[in-house]
Every structure is written in C-alpha cells, then in structure tokens.
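Working notes for the structure below.
Order of writing sets the labels: A, B, C and D. Residues in every chain begin at 1.
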C-alpha cells in the first residue's frame, strides 16, 4: 500500500494472473487499474488528469500553463543573488534556480557555498517573493535544506540514486524535479519518478536536459522527442533545460523555443550578470539582456502553441 | 582548382605554413581565405551569403523562406500519386517527396518501383506544376534519373558513399539534399557536402533526420541541436525530417514545429492517404487531414520565428 | 527462389501463417525450415555446419582454424608492397590486406592508387603466393577488380550500400568480407550478409571493427560481445579488426589477443615498415617487429583456445 | 594538502603558470610533479609503481597477479551463502561477491537483505576464510557496514555520487572498487577514483562492466579497449565484470577470457547454484559447473598472458 499526498494506493506487483474483479469488489476499494509498465502511479494509464504543482503565492506549474525558471549555475554571494532577483522580477519570473551543492567530476573544482549560501539566498528570495529551486545531492542534506527550498532538483548524476529518491518520497512534502540521467532512458526517468511517488510525495516534475551521444559538437544532445513522449506517457509536468541540452550560449534560445513547441510545460535556463565571470558553466549561460530577449520570445512561442 | 556552378575556386590543402599574401597578390586572384576545417567551401567562413536553391517556376529554398516537402515514403502507383498531388496542391505545397529506389535492410522487403515509377510520377507532377525530390542510391542511376528529378536525395545510409557524392558533384547540376548519416557527426555531414560542392555542384541542402542513440522509445533521436549548429557553420539551407526523426505518427507534429523554432529552413515529412496501407513507414506517416493541420501550424510557427 | 554457389533455395517471406507440411511434401522439396529473423540463409537455424572459405593453394578460413591477414592501410607503391610481402612470408602469413580505393571523409585526402595499384600488387602477390583482400567501394569497380582480388572487403561506410551488396551477390563468385557499420547493429550486419548470400554468393566473412560510442579515448569501441554473439547466430566465419577497433598502436596487441578469446576465426590488422610515414592510419599501424611479436602471441593464444 | 594511507601530498591546481622549482626547493618538499589531467594522484604520471591491494591472510590484488571474485548477484540466505562458499573454496577462490543493498530501477523489485544479511554472510565467510566484496549505496551505510566488508563496491549508478566517494575517501580505510558509470567515460572513472584517493584512501580498484550503446543484442557493450587504456593511464588494479558486460550466461566465458588478454588484473562474475531461481540477474549468472570450467580456463589464460 502506498500513501501519498493525495491518496492511499494499493499497488500490486504479483507474478500470477488474477481476476481484478476479485479485488475490485472488496470493501474499501474505490477503483482498480491494471498497469503493465514498471512505472504505474506516474503513468497516464493510472491517472488521467495532469498533476498540478502549486508553490503558493499564485506560482503554479501545470499543463496548459508555462513556467520559466532562471538564474545562475552556482550561487556565488549576496551581490549576485540580488542582481539576479532584480533581473528576474523585472521580467515577471517568480522561480529562481541556482546551485549551493555542486556535483563536480573533478574533486578539485568549486563545490558550492553549501547550506549557508542557501540560507542567505532564502532570506533575499523571500523578501522578493521569489521561489527557490536547487539541487539536493544526498539524503543527509534534506532535513537541513527543507525549510529553505521550494523545489528540490535531482541532478542527472543522481537520477538513479535510489536512496535519495526514497527519502524525497518519504522525508519531505516539497516538490521534486527529477532530471533525466546522463544516458538515462525515458522509462528509467519514469521509474525514478515512481520511486518518489510511491514513497508518498506526488509533487513531481520531470526534466529533459540532453543525453550523452557520440556527437561532440554540442555538450549534450537535447532530446526533444523525449518531451513529446513524456507528455503522452505521464501526468507529471515536463520541463526543458536548453542550457545543459546544448551547452553553447548562442544556441540556447533556438533550443528553448523548440522545447516549447515540442510540448514542454516550462523551461529552466542559466543566466548571470557576467557569464564570463561565473564560477561554473559560463559557456552556456546567458547575460541579462540575452535572458530578457529569450523570455519575451518564449512567452510568444507559448502563446502560439496555446492557440493550436 | 575547383569549378562549380557559380565560380572557379582554388582550394589549397598544404601542410606547410605560408604567407597568404604571396598568393593574394598574384594576378587573377580575386580573394583568398584561410579555412581550417575539413570542409571549406561549404563553410560560412568561406561564403557568408546563404545559398539559394532556385528550382524554377518560383519554387525557391532559402534562408528567410520556409519550404515544405511532403508525400509518401514509397511511390506506389498512379492513383496514389494523383491523390497525393491533389492533397499537396490544395495546401499550396509545390515539392513532393517519394521513393522509387528504397534502401531496405532486409533483401526480402519492397525495394520500390524504380525508373518506370519515376517516369510515371514525373508526367503527373509536371502537369500539376509539382517539383520532385527522390532518393538516388548509386552512381549508375544518375544519368537515367536526371531528366525526371528536381532534387536528388542522398539517404542516411549513403551519406558517406563517396563515389556517389563525387558523381553528384560532377555528373549533374540538379540540387542535392544530403541526409545526415545514421550516426554521422555534424562535421561528417559538412565534409560530405564538401565532396559534392568541390566536385562542381553548389546546389546543396542538408537534412537532419535523427541519429542513432541508446534510447529505443523512439525510432531515432531527433537532434535539433544540429539544426542550430549547422545554421551557424554553413551557408547551405538546412531541412528537418521529423518523420524519421521520431518515427511515431502522433509525435511528428510537435517535432516538426520544434524544428522550425530551432532554425530549419524547411521541413520534409511523410503523408499518405491511408498510412495503415502504405508499403513502408506507415507508423510514422500522417494521413491527409493530419497533414493539413501540420502544414497550417508550421506556417504559423514560421511566421512567428520570422517576426523575431 | 535463391540460387547460390552451393544450392538452390526457395525463400518464403509470406505474411500469413501456413502449414509448412503443405510445402514440404511437394515434389522436389528436399528440406524446409522456418526462420523468423530478417536474415535466414546466413542463420545457424538454417545451416548448422560452419561455412568454409577456401581461397585455393591451401589457404582456408574456417571455424576451428585461425587466419591472419595483415598489411598497410593504403597500398603506396612497389617498394612498400615488396617489403610487406617479405615480412608476411617470413611469418607464414598468406593473406595480405591493403587499400587501393580509400573512403575518406574529406574530399581533399589521399584516395588510393586505384586499379593500377591493384594490378601491380597482384603481380607481386601472385609470384609470392600471397592472397589479396582489398576494399571495393562501388558496383562499377567489381568487373575491373575481379581478376585481381581474392577477397573483397566491404567497408564500414558501405555495410548498408545495398546496390553494392546485391552486385557482390550476383556479379562475382569471389569471397566477400563485410565489415560491421560505423554504428551498425549485429542484426543489420547479418541482414547485409543476407543480401549477398541471397544474391547467390555464399562465400562470406563478417568483421567486427569497433563501433561508434560516446567514448573518445579510443577511435572506436571494439565490441567483442558481437564476436561471441555472431559465432552463435551465424555459420559464417567471424574476423576481428583490432587496428580500427581501438585505433591506438600500443593497444592493438591486447585487443587482438582478446578477440581470439572472444571466439574470432581470424584477425586482420595494419602493419607497415615505417608507420609514421604511412599515407593513412599510421597511428594505429604496427611496425614489422611489433607485427612479428603480435603474430607469435596470437598463434599461442589460438592454440590455448583450441585446447579448451 | 592531501593525506592518504601512504603519504601526505600537496596538490596544486593553480590557474597561473609558475616555476615548479620555487616550490621544489622549499623545506619539507620531497618531490614535485606537474600532472595536467583532471585526475592526478591516480595517474601513472604521478606514481609509477602499481598499487597493491592487500586484504590480509595472503589475499592480494595486484598487477602481475590474477584475482577471481565470484558469487551471486543478491545474498538470499544462509543456505545459499554456505553453498556458494563451498563452491568457491573448492576452486581456491578467496573473495566472494554478493549484494545486500540492491539498486533497482523499479521501486517494486527486491532490494536486498540489508545489514542483517551482511552480518550473517560475514559470520559464515569469516569462519571459511573468505573475503567479502559488496556494494555500498549511500554515505549512511558506511559506518554500519564497515566491520563486515573487505572491499566496498561502488555501483555503476553511483560512479558520480560524489558525496559517497568523498566519504569512502575520508570515512574508511577499507579498499574500494569503483565501477565505470552506465555511460561513463574512462576519464570520468579516473576522476571518481581521484575523489576517493584525494580524500585519503589509496586502496582503490577500477572495474569495467560494459557501457550503454545503441546495440541491444547484449545487455551492455563490454569495452575491453577501456581495460587496455586504463592499464596504461593508472597505477590502480583493473577488474573486468563480464557478467554485466555482456549479460548473457552462455557468453560470459569468452568475454571473461578476452578480458584477461586485454590486461585485466582480475575478474568478477556472478555464479549461483540454480541461476534460474536467483532473486536477480539469473540470465547472466553461471551455475557451479559452468563456474568451475570458467575458473580453470581463466587461470590457464592468465598463465599464457604472463608468459608473454
């Protein structure tokens, strides 16, 4: 039996065929479905209505709407946070991204400001009415981070960190955005979401951020097919990350706009006052004037899609 | 020295450093460039102005315009051709796709109607003012096909068939659309174009049609990053093929629209009166009413992009 | 109906179920099988006994034996040919590899000595009792090359050049070695072999030469799993090409020896008197003394495998 | 400054050029190197002598030796443990593998017996003189597992779980075997090792277990190129896992033997009394008689390699 924020589910995974009517007629059973995928609760076969993620203060992520999340790769300090908040507010953006724990492939690279950075960011964001999305890397960080986070991000290197997923299902009721693995399949992403959902936390978002292929002209290969397929398979909102998806600043805009046409319910991208001086990911980060142009064009693109 | 449709080029590939001024001041030299990529003539470093492909009768493929090519995977017979032409004309489409030579991985599958099919198609297309794009598979077909073809297509299995590329450079002045290889890199696609261009034929188009990756939920992985990167690197028009790019009928539309936002100068897709009865590729082919909707939405999407 | 060098086969590819006894009892039918793969004639389900390729003069490629083919990437001239032949003869090698038509991704690279180079090589090889394996790139080369070739090689860029495969099935009775495509699946390789076999030429070899993956530390990723799987699925001999499989001279030996343990019936590798001066592929080519050591160790490794 | 089991290192990662002599002449500096890779301490440029992993009781993993680790995918209970130990002892194997924490992509699959299973296993292994290698999935398990583990295994989904790597560097002095990521590069594997090494734990092994590619005929694509390249780049022992590398029981043997020829210092594989009844991975697990044959042939293959 699985208890989540919205209901109690009884999930069967029997190996034998059985007559579902023998369960369906039992007392206390409201409804019963047979779902043959490895993921059940996150499937549209299970739940037809799209999941709505309400962050409070009127900030909602849902199918039919379009949310933009932007900000730096790494949180660097008070001045940077203030400038980013001002930039985002001027564009009507209400969700700010940024990393305080950074997964770095080399042990000698900058690893983020940690919990103190998050607290500082939270103070400034709160007074500005800005919501926070940030990466969590391990179970022990959850309790500490929980008061200061609006959406947890699970990074591409942790998509199959099953202990972390378990704990995000059981140990918090904050929304979680799961990024597709570096070379994760669409099915694996849905199974990872199933971990969190079946743990009890229904407030999930999925994120396409490019996959690893043989092509080296771009950092990753943005798989917009996956956006279209996910929108068919799951009731969860799907977010696109064009910054990591292509990894080249001057091509972030076309890929962001393309993501919207492919069906994304939101876009997350990296922006920084002076990308050349950013602590990380500068080569794929937009400056504020590029960011402004992108936001305007994304909204127009979404309006067109909505009209179809 | 390389002679093409628009000029005579002298391409140097020396291994030693030299002073380009010693060549630039020679009599008869109009201009000189140093291009360090493996592809030179197709690079924007060489030629800044976009290449315009004029098929006559006002049918033009070029940056800043948007061309749609549609039709069945395989040409099947007179009735099918007529119905397709009528469908396309009703939508204002002037370029029809279709295969008469089909590359099939099994020797036991349908291999196309061949040259007789092409002649029949040509008669019907000519009287309707419709241009023809069709695949050429080997050198010996070129002479035979040449009177009946408006654009040669080089398929994904022939992107590195260098003899075929050579002959398309030297043996015809008809335009050639080169599809990216099954797992071809962006640079390899440009090098293949260089074969044709350096052979003397400047009328080239490039086509992104999805690449092979580990993901099996879709037939291929449409790489829209490649569209954005190609638009930066080359002066040749870039076409997107969403039918092969995702391979699933109900997702062709979002990927087609996404391709336009990524920067494509045109889209080629598969349509058939009754896809379920098509000789090949039925699972990714639109019926005429789906096709009508897609064409309308693609034009609106292009108009939006143009307004940016 | 399919006629090959060893028999007449009737291959059915019906879509309806039928009772095979209704065919089996017909006059003139010797035996009947049901094979559900796309490849039938090359499957072990069809023919249990391993195919033996007899090149004459006692040179045989077959399961249970072990053949070595070596020589330069490109044939460069008389002196190089003589030195290579002397080197190979001193090691008891009787099959020499070398390219006279070279597929090159850039049109500005060396493309081989062509048919004149082949004739020269043939004269020298014949007087030394050396067999020749060399790449054929297009249909029109077959008639010209046929008198001078002992084994045709189909390169990794032509594995799905179906016209070439057709013609190698119908237009020659010389053996053909088909390399796996740049990113070809095992099933596609078998289907390509089926093209040649069903065209009438049963004398086929398959070659694993590494596939394209995201890993860039090596030129390709040698897939020795494929060697093991092919030995299970087909009755055709399987050859390994460690030179292209890893692409780094100092690692050719371990990968060659590993290929034997994985089950290869032969190894083809690149050797040159002075690899640093080779016209192509020098970085993966062994010099003669490295070659001698490798040959000795391969034979010992094969002896051990045979003892199992 | 980095303190490990064998010494104190000062690792510089400055961005400016500097004269290494200005450091080298300082008091207390024994030696100084410049290493330009992302991984430094695990590189052969830093430490030429191969790392030796001594587990006590004469059980050593090192270059020039050959260690076999075998056992079930999952620890299932006392009876299974006893039978496996007896089987291994009869073959002279002294390291047993098995999982008590299982990473499973579906939340509904068997997740292992946990710490109680490990304690039981430890009791039985200790009395038999058998060493234990088992997977650790998260930081919080380390303290608990530490008394019962001889080698920690970091699984392919945790290769870039940097918090886990950090803690294995600082929180234990037990050896750690890091598996290559599902689609991890060779360089990323070395950088992950650098995390542990720079944290203070020098007792590391690396493991090639197959990578994710487009080929689906096998579970993964065993990359034996990586074994050869790793043996060149690092002083750490390299282990091959043919069970996961190919994922098909009847092909584990050839790939295991091939791994040895490619240069592996050891092989880890899955064996079970009745693979068909194993809780997990039965399709790639050998029964005891297959296991016996493999062990015998691996030792003979290693002897041959050693003789070269």
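Some notes on this structure:
What we mean here is this: contacts are C-beta pairs under 8 Å (C-beta built on N, C-alpha and C of every residue); 3 or more make two chains touch, one makes a residue touch a chain.
Keep in mind that what you see is a predicted model, and the values were worked out from it rather than measured.
By number of C-beta pairs in contact, B-C leads over the other of A-C and B-C. In this assembly, the chain whose C-alpha centre lies farthest from chain D is B. Taken over every residue number at the interface, the positions common to chain A and chain B amount to over half, indicating a same-residue contact.
Centre-to-centre spacing of chain A and chain B amounts to 36 Å, using the average Cα coordinate of each chain.
One finds 49 Å separating the Cα centroids of chain A and chain C.
The centroid of the Cα atoms in chain B and the matching centroid in chain C are 33 Å apart. Multi-chain contact residues, meaning those touching two or more other chains, occur in chain C at positions 183, 212-214, 216.
Only residues 183, 185-187, 210-211, 213-218, 221-229, 232, 245-246, 248, 250-251, 254-255, 257-263, 297, 300-301, 304-305, 308 of chain A touch chain B when the two sit together in their complex. Interface residues of chain D facing chain A in the complex, by the touch rule stated above, are 11, 13, 38-39, 103-108, 137-140, 157-158, 160-166, 181-183, 188, 191-192, 194-195, 198-199, 212. Residue ranges on chain C touching chain A, taken from their complex, read 183, 212-214, 216.
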